[in-house]
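A, B, C and D label the chains in the order they appear, each numbered from 1.
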């Protein structure tokens, strides 16, 4: 199969959607610059006109509300926020309006809207330009949340999100844009709510979200050298998330490490750990480990960033811990 | 000791703070009406002037930002949001600004601000006027979150919040306003981060948040009639929350029910359940039960509300379940 | 930007009579709701429209069925004027299965897709950007529809109303911003919230032309709305109408002139003199019209009875519809 | 609301020379930062102020140490003009322990409480309501200080800027809204974001008087700012200044005239002709002033050297200061 970067996969999904569905359009900040969304939206304005690829004023609330209204009136908008931090200004149209709309009116209408927000992990951008806020939105009934980690899913989940008659929050991470993977050229959908098994293993289940799913893959390689056979699940969708797949795996391995690119307290990892702990209660041999950011905003200095952002190394440490292995060997993850 | 309603306790805390500290003021919507905050703010404007009790335009973002700026410039503001739903419009000043400020500037300055938000549980107000959004804010580093359930704590936690050099989100619930309890007349502080043991018991630990702590008390009474000896912990503070106290209790009882007035997925109950499951791993005899709202917005119709809002009955059911008792007896909680 | 529209086309008698019917229907329906609130039969928060009927009537009479309107907490009048079915509104307020929103929304969440009402919600300003979005849809599809955002004077204090006006002007969208200035936002008089009394100028900075209209004069409202809707359909972009009026009842609930426990400043009497319905009746009678309320009262009773008889939603089904099965064709 | 302030007091030579020093210090500092960015030594996003120096200089020369200023992503110039220590700024940009924010913030988060800088942040419009709040503090305490909000033309698109102006006017707060209109918001020309070119009127609806100022003329900026600050101190409420200018470098980083990968419209050459420093130098030389940049260049080198030598924050301490130990006395 053809190999694409994660960013190119997102762009291809946009291009195919825009070509196939005249109701689709994109609005948000940074769409006419190659900088904000990197290669993930590059030159779409040239291909589909600036009437359909609309780089907007700095008005997160109203542009998102506009997208909600357009969706209600029969369009299929994607509203783009180059950073989740900025998207907080649109909390009202997302949480109060889009997420509640179908319910409020007894299911008589849906909001077929994709809200795309980007995490900007690292890059010395500091506490207001890097926040991974997915857990806040995962909490909200009426919102679906997807977080692809692989190029394939980056395309397939965007397609699925566009098909959904409900608001879907699509979160990608800049740190994944250059990663590559096989991506079919044709249009295809990755079902929302289904995880992907990245590696089968017997000893421990590593459950990764977004960029941390990629880190789980790396961790599994390191661990295999140490004789630890890890199963890796890329969650892909956060709401709904694939409980069945995760529980089944943990029932088998008896050990779980949840790796989440967000903060710890009341984060996505808490939900997953709580669910595993309850539903695999009798099979679980050790407490579920959570690899997350500390409850701390992002520092700017690159040295501090290196310590702040957990990765494969910390996942390995957690895996060793639940397996009762010292961390002496193979510390270089 | 003197008995006050929960609302009167909040009012007394305000009055004493305003009398003692010339830097204190209150801004927000509904302050000049007895309706929005009920008795909890009644006539404060008459007592302390409308220069210090400022009923504002419908501008949640800017009034909250104003309070952040005033706090930075040496004042001690309380910004009031009569519903958490409206407070979402102030997500930027709360989450991006107030919560990050101390960290961003290396601890050189704090934001001594109290953000007060009210949950309006029930009353046929529907999905946009009743949301209990505390988990979204619990997730944010740099914010403290308190949720008193008793009149005593309603006063003491507001006093503590006002003393804190950091932003504290103080969340009260309208459904508690008429409940009563002993409250000292003098000023006093309830330390942020400390839970209250409401009842000692051997069989199961009931951990309640806000109005659900009150429901835990009721559930414990019902359960005691059935011969179940429940320990009840009122969490009081959500961030930081009293892990030590909770873990100690669950280590003793081996069973836990977490009762949270918010939604289930990635809610406060997830964090508490995940932490108990990990830290009391070897003592836990049954999976932690979570009594929460379903992942569903609030319906309006009062009949549906009655089914939507969990209470003592559901807590009892969960307690019986972790104790392996049928729910046949004493179902009328 | 002009003050008080001088425009006044002569409307035919039949048109005037239709407006009278619309306005009286709204008033009687609201009185019925007030009674339901007072008796405790309706328990959801109800914000009554009495006193403001000429605005809903005048604006909606300038619209087609395919145009959409967007409202807030005080939208019974908008719903009825645009053609929303009466019994479904009563049923919704009573939380019944047959309510226009299936009993899920209550008074503050009205819906009638077939009549161009895709949802009203009580978050102040919540639907203002949505109306702009609907207008964006019409423009993109090349349809000559208009979207109307109804909102109050307090709503203009929400920043995203300004963002919305800028977007609407920038993209030349067919949207009409109808600001019903009833002088109060909840218990707060305008002068407690803003220095100048010139809401018709709210869009000026954003290049949205504005006009001040006597909101108690249905013909004046219609004239201004028609002009704005024509501009919209012609691709000339948004307009802003400040319709000055007064609500007779308190902010929420049935009480007269008492806002959430706070007395207003005694304007009620003066404004009752300006009753939009009485004014229209003077004009109608001068034209020799015969006004018969009986059919309206009968309709009210039948609708109310139907709503009362209707079942509550079946037990345990409240967890349905968190997600829609399909987007609705509007 | 007037266009282009005709006001022009004659300033003494010493004053002009001080402005020159301020502006040249900013320019040289920014050039140093540009070099750090190009060499990869500085890695945090840096938004350079070159071309806009007269605004920071002119406004801050109308302020006392006890007045506060509030800024955004492009605030190196504000920080220096208000008296923030140079070495601490370089150190902050390099992520060092000795940075003005302890290396936690980087270029976009500057702090100097003693100079009235309580924090700059890059969330567009983030500090505008905060400035209003500081002004509220001054008014409540009866202090004759002013708060100045610096922000760009794009920032006016955020709704809460409008909310903030209304609050400031309503409560008559001593705040000056300084809008630095450099025609672009990131890569977006103003005409892609707004129909009319009249930002000085942004506060009109909210009763905040506005003025358009030549932002490349330090004396004109000072005159307008002085008047606004006097109004503020006298309890007459807020003012809005639109200072027209142009930034020479791209939106972020060191490139000339390339905004986040998008070419601008060729205005740069014209605006370099209007270089605020060159203009001031013509005037100074006409007065016979001798201009010596050497002390400034030496200061730059020393400060840069100090920042380079300074240590990075100690390992593992990044989890400190999520909460403050004490509120800081401002």
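The rule is simple: contacts are C-beta pairs under 8 Å (C-beta built on N, C-alpha and C of every residue); 3 or more make two chains touch, one makes a residue touch a chain.
As the structure is a computational prediction, the values presented were derived from the model and not from experiment.
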From chain C, the most remote chain by mean C-alpha position: D
Selected interface, A-C versus A-D, where C-beta contact pairs are more numerous: A-C
Between chain B and chain C, centroid-to-centroid distance (C-alpha), Å: 37
Approximate Å spacing (C-alpha centroids) for the pair chain B, chain D: 41
Sequence positions of chain A contacting 2 or more other chains: 56-57, 59, 61-62, 85, 89, 92, 96, 100, 103-104, 126-128, 141-142, 294-297, 299
Contacts with 2+ other chains: residues of chain D: 103-105, 109, 121, 123, 126, 157-160, 163, 166, 170, 193-194, 322
Contact set on chain B toward chain A in their complex: 61, 85, 88-89, 91-92, 95-96, 99-100, 103-104, 126-128, 131, 133, 135-136, 138-142, 239, 262-263, 265-271, 273-275, 277-279, 281, 286-290, 294-297, 299
Chain D residues touching chain C - in the complex, by the definition given at the top: 157-163, 166, 169-170, 193-196, 198, 201-202, 204-207
Touch list for chain B against partner chain C, complex: 29-30, 32-36, 55-62, 85-86, 89, 123-129, 294-297, 299-304, 307-308
Chain C contact footprint on chain A (complex, rising order): 25, 51-52, 54, 56-57, 59, 61-75, 77, 92-93, 96-97, 100-112, 141-142, 144, 165-166
Residue numbers on chain D that touch chain A, as the complex places them: 43-45, 95-96, 103-106, 108-109, 121-126, 154-155, 157-159, 185-188, 192-194, 259-262, 312-313, 315-316, 318-319, 322
